[in-house]
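There are two complexes below, and they share chain A, which is joined by chain B in the first and by chain C in the second.
Presenting the complex of A and B:
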């Protein structure tokens, strides 16, 4: 089977995020980057599917040349091919991003569609929840978001979405599109050999072309840091009385 | 590219190792320090990911890379900030392991290399003794021929990985007429008469286990002789430069982490109407520390490259070991100083890193011995 995973280069979690002076972008000078955690699970899920059923996983990202780092990482954990849809910046609006990726997917597919396209449920930085849905609509394919389980049926994709106390199970005709949530699996580490191989793989490059979508960023704002205070009430059983006092004060007893 | 010697392969090793220690080592290291032990599970995980095979030839399942790979690996491990962990790994991969690779016969390689690569067997190297550290000629542990094997008696001290490890490569005197008449033996843990006398309590490297070993009438077969009888000293010397280098590498990795955390701390810490980092005395000292670390790093990679290019690097690497390990200690001293009172607290990483660094100019060839190696190669 042929699977496409679309990933996004985002600042590494836990980093201190600063905003550029014009308020239009994240100051990347001292940041490490990664792919969104949802997408890391999507790549792992795709690799597991081809390990079980055979086939190829292509990983695609839209952005500048820096995003090759995320494509090579995906290859190091088992993806077969990497495609960079080259844009002048990663921060295109969702409509424009979706248009460009749709065009790239159509170019890659030709007459042979991917059996499954996987996105992260939402990107870890912008959190727009839009790109995957827009692309599925443009390609005329079914999509389900929030997926934490994927299986391959007879010409179908079976996807599970977590709900309170259980799962909703969807059966989609292939080709289909899924928005994957973190928790689908525990992404593997690259092996040393995988890392070495990822440095040698030839990445495919497609020039992104799409008109601006209309969504305009006004300004990024970094909220003031909130200072919190931790009070140690005691250690072990001795702390119990003080904890009860606090709970009493809060009115929860 | 991080420096002129980097290749895609070396970049991959650096990225892989830095990522691994950031996720699997640094968050857990404090608990390991408390326990005095690196969990076997994390070592096996590294084995599964192929991280123990950089220097192992391809025909034995490794990557067959050179000394530059060890330089890269050790520097990346240093980023963990837990030098006790770093040395646990490096003794296995770069101090003990190479003796097996260099001198092992087919049967020994077949038995031990797969276990070494997988982290199923952790290796240690038993050379140092109470009266023989850098001066190997003072070794008292002796082995005498006994039937189809050898009987070994003696003591070993400061043996990293030997409390919880599985295989110690033991050096013993076999030719009493020749002070360099030493033979290396493969002695698995659990061999009768081979025991841990003490788990040593150290100033730093707290999560690394260090043993005093007793060999009391230990009998090993001829098949357990590693390399050539009486030639163990010369065979051991083959790995000296690598052993010296990885100590510098892990030190430089840690020193860079210490500089980064100190710069961040002093740029946050408010004092005298600004931040500490705004003070010339601090910013200039930290800038000089960065320059020194950059210089040591460059010298280390160059000395590694010399080896890989087939050149004699003893003088260069000895100099890097002497100077580099002193620099790491100077950097740690300043970083504690600029953390103020917090730097003296056991809860701060820099306090631990300062303690961890102190062994570097002592172990793997003391600074004074290293300088002699340079000096005796400096006659006009």
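Presenting the complex of A and C:
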């Protein structure tokens, strides 16, 4: 089977994200980059599907040349091909991004559509929840978001979505599109051999062209953090009296 | 925080391995009123300690690094926070196999158990090594893995319990306060530390904050020359063979020396670390704060492209690593200095402001002890630490441009094979003699002494090789950074005469009504001598060991000149400034770049110089040790009758701007007298070692005193001087060891090649192959090795216990793991022991 995974280069989590002085971008000085956790699970899921059923996984991103890092990472954990839809900046609006990727998908597919296209449920930085849905609509394919389980049926894709107290199970005709949520699986780390192999893979490059959409970034703003002070009350048994005092103060004793 | 202190005796900035051990050692030495600060949280505030690989390979060619490494390893052992995993340095090339022989020699010198292994033996110890790609290994069973974070915690607790040390995490230093009242010694005094929690008035402030150290030094308008640099490390696993050991470290650590990488087990996975990637340096202000950092400030995002080659090579050595997952990988920051040595001691510009920086986990506890002792006793006691003394740097070495260039150059030599005479590629020709163009025209091969360029030999003397029938050396290592021309220059000097550039001499003057008294306070020998007399003298530290040896000249009733070597200029200037009175009775001037110096020596030297001056150059008119104002070729010079090469002649001191005139006149006058321009190879090595002249940093270190060095005079002057009490006690006790010269009887190695010893620190052994160690634990080792052209033999210098220091005693020396028989000459000269040539 043929699977396409779409990923986005985003700042690695854990660090305090600063905003540039003009408010138009994040300050990348101290940042490492990754793809979002949803997308990592999508790539892992895709790789597991072809390990079981055979086939190929193509991973695609829209961005600048820097985003090759994420494509090669995906290859290092088992994706077969990488495609960079080259844009002047990674910060394209959702409409424009969807339009460019739709065109790229059509170019890649020709007469032979991907059996499954997987997105992260939403990107880890902008969180627009739009691109996957727009592309599915443009391609005229069914899409379900929030997926935490994927199986392959006869000419169908069976997807499970977590809800309060259980799962919704969807059966989609292939070709279909899924928005994957973290928790689908536990993504593997690249092996050293995988990393080295990914360096040798030739990436396919497609120039992105699409008109700007309606969503405009005005300014990024970093909300004030509320810092809560942590006081170490003591170590081991010696701390007991202080803990009692605090609990007493809180009125829970 | 109302309990934040407003004053303290000592504030230590940085709670990594160094800062924690430092407060612990200060507490042991009786200090109280200590404050320890860190901007990060405890126990891991986010500096280099937190991501260290925490292993110690105890063998190093450098004495300070080896002995402080061993000292540190033992401190970790004493706290039971260390395990001896063993370690193997594997070789992939023959050149590395030769280097491993050299490491066996250093292991023997420092008394560390070590074995050379063939590939099968390596595989026996580490079954997952691919023995096809290696030629052998150097196995050291006492390589240890330590818990540096827990060690820091234990030492910090000791300081809290013993000395009431107050510890403040999450406290950022914003400024260092100094008393800016101008003083004659040009120094300021530290007075406090401003933090985001308040200001602490402090008597002493210690910078122990690793990669941030220079940033803190800047706050006091001074420098700790180091740069944060990336060391890449990846943790890969899980690996069953490692997990099955049920141990944090169950297999010896492997250093893959030729790929500059190591593989160190960490429980079920393997840490692969590299010193092979391109140098990646950062400005301290590029390091993220604890909040901005995804991991910790010094665990920066991994740049995978830089590591790919190392991965390939690691898989070559250990195939199983290929399928291991990369779970954690960082660009870890550590500190690099311009000369690859740490920065320890008081900062020259600022009194009571101390550096304990550029120290890695492997030497942390020992170096913390060094600094604690320095603060307590005025000098470190555990070991001579001149190589790490932060006062060693010249101004040219403190710029970012210099620090970055040199750090970039030596980073990839971390596991490199570095020849003892190896020269730097970068940052050359920073300071040059006024004769530079003349030297270049004569084909000077320049060697750099810290920042000064000095000709080592001159290719214009190539004809001397034929004249004296000289040859290259058969083994490339002995031939490297060497040329037979230097032997030709030596023999010509002994036969005729040679002119040597000594412009790198560091020249200071003390002037004022208190100048002579202060000069006497610095020196063992009496400086209150008649005007125009000079005195060669040791300067001692408070414990009576050597701080320096140099010459001092009485220039006038109230003026004393100090002339010292280029390797010691920074330390000696600091020593003067530190001790000089601040009552205005003495002023200090550095004249180094105003006065140039030439040495003219050899039997024909008087005939050459006689053509250029009317002065009486006989021993009556220019007696040994005199320092006389004399006009030479129309230039007002000082003529200093002395010799560091053993032939008659002079050091000629002249104004920098007129030095070329004197140079040209001497060269012209020498044309018919066999005069040759002569390189530093003769001055600093072959001429010196034939005469057994001692050198600061080689024979002379703080661990030895003048009695042992054979430099004590019959009487002790009445005036007080630094170290006098200890010196008198040492005289009373007598010497346990003596500095001697040995002659190598037979220098042919097991392959039938003649070898030419160089380097130093090779052990001197009994005929049974046993190390020789005195009651202070000092080992007999080669302090200087060199070839004597006059005798046609290799000579060695070193200290031997009295019973072995007897002329004629047969011993052995080790070189590249081979043993060579040698004979003790004694404490005098191997060549011309009666000094007849000096009187010539």
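Throughout what follows, the second predicted complex is superposed on the first by the 230 of 253 C-alpha atoms of A that agree within 3 Å, B and C clash if a C-alpha of one lies under 4 Å from a C-alpha of the other, contacts with A are read in each partner's own complex, and residues count from 1 in each chain.
We adopt the following convention: a residue touches a chain if its C-beta (ideal position, glycine included) is under 8 Å from a C-beta of that chain, and two chains touch if they have at least 3 such contacts.
Every value quoted in this text rests on a predicted model; they were computed, and no experiment measured them.
> Under the superposition described at the top, does placing chain B and chain C together on chain A give a clash or a fit?
clash
> So, A:15: does it touch chain B (first), chain C (second), both, or neither?
The answer is second: A:15 touches chain C but not chain B.
> Where does A:192 make contact in the superposed view: on chain B (first), on chain C (second), on both, or on neither?
both
> Which partner does A:221 reach: the first (chain B), the second (chain C), both, or neither?
It touches nothing on chain B or chain C.
> Return the chain, chain B or chain C, that is in touch with more residues of chain A.
Result: the larger residue contact count on chain A belongs to C.
> Is A:31 touching anything from chain B or chain C once the two structures are fitted on A? First, second, both or neither.
In the superposition, A:31 touches chain C alone.
> Should A:200 be classified as contacting the first partner (chain B), the second (chain C), both, or neither?
It touches chain B, and chain C stays clear.
> Kindly point out the stretch of chain C, out of 3-11, 273-281, 507-515 or 579-587, that overlaps with chain B after superposition on chain A.
That would be 273-281, the one stretch with clashes.
> For chain A, which residues belong to both interfaces, chain B and chain C?
189-193, 195-196, 199
> Quick one: in the complex, what on chain A touches chain B?
76, 189-193, 195-196, 198-200
> What residues on chain A touch chain C, complex-wise?
12-16, 18, 29-33, 69, 188-193, 195-196, 199
> Which residues, counting only chain C, touch chain A once they are in their complex?
For this pair, the touching residues of chain C are 234, 236, 286, 288-289, 291-295, 300-302, 304, 308, 311-312, 314-315, 321-327.
> Where on chain B is chain A touching in the complex?
Spelled out, the residues of chain B in touch with chain A are 8-9, 11-13, 15-16, 19-20, 23, 45, 48-51, 53-54, 63.
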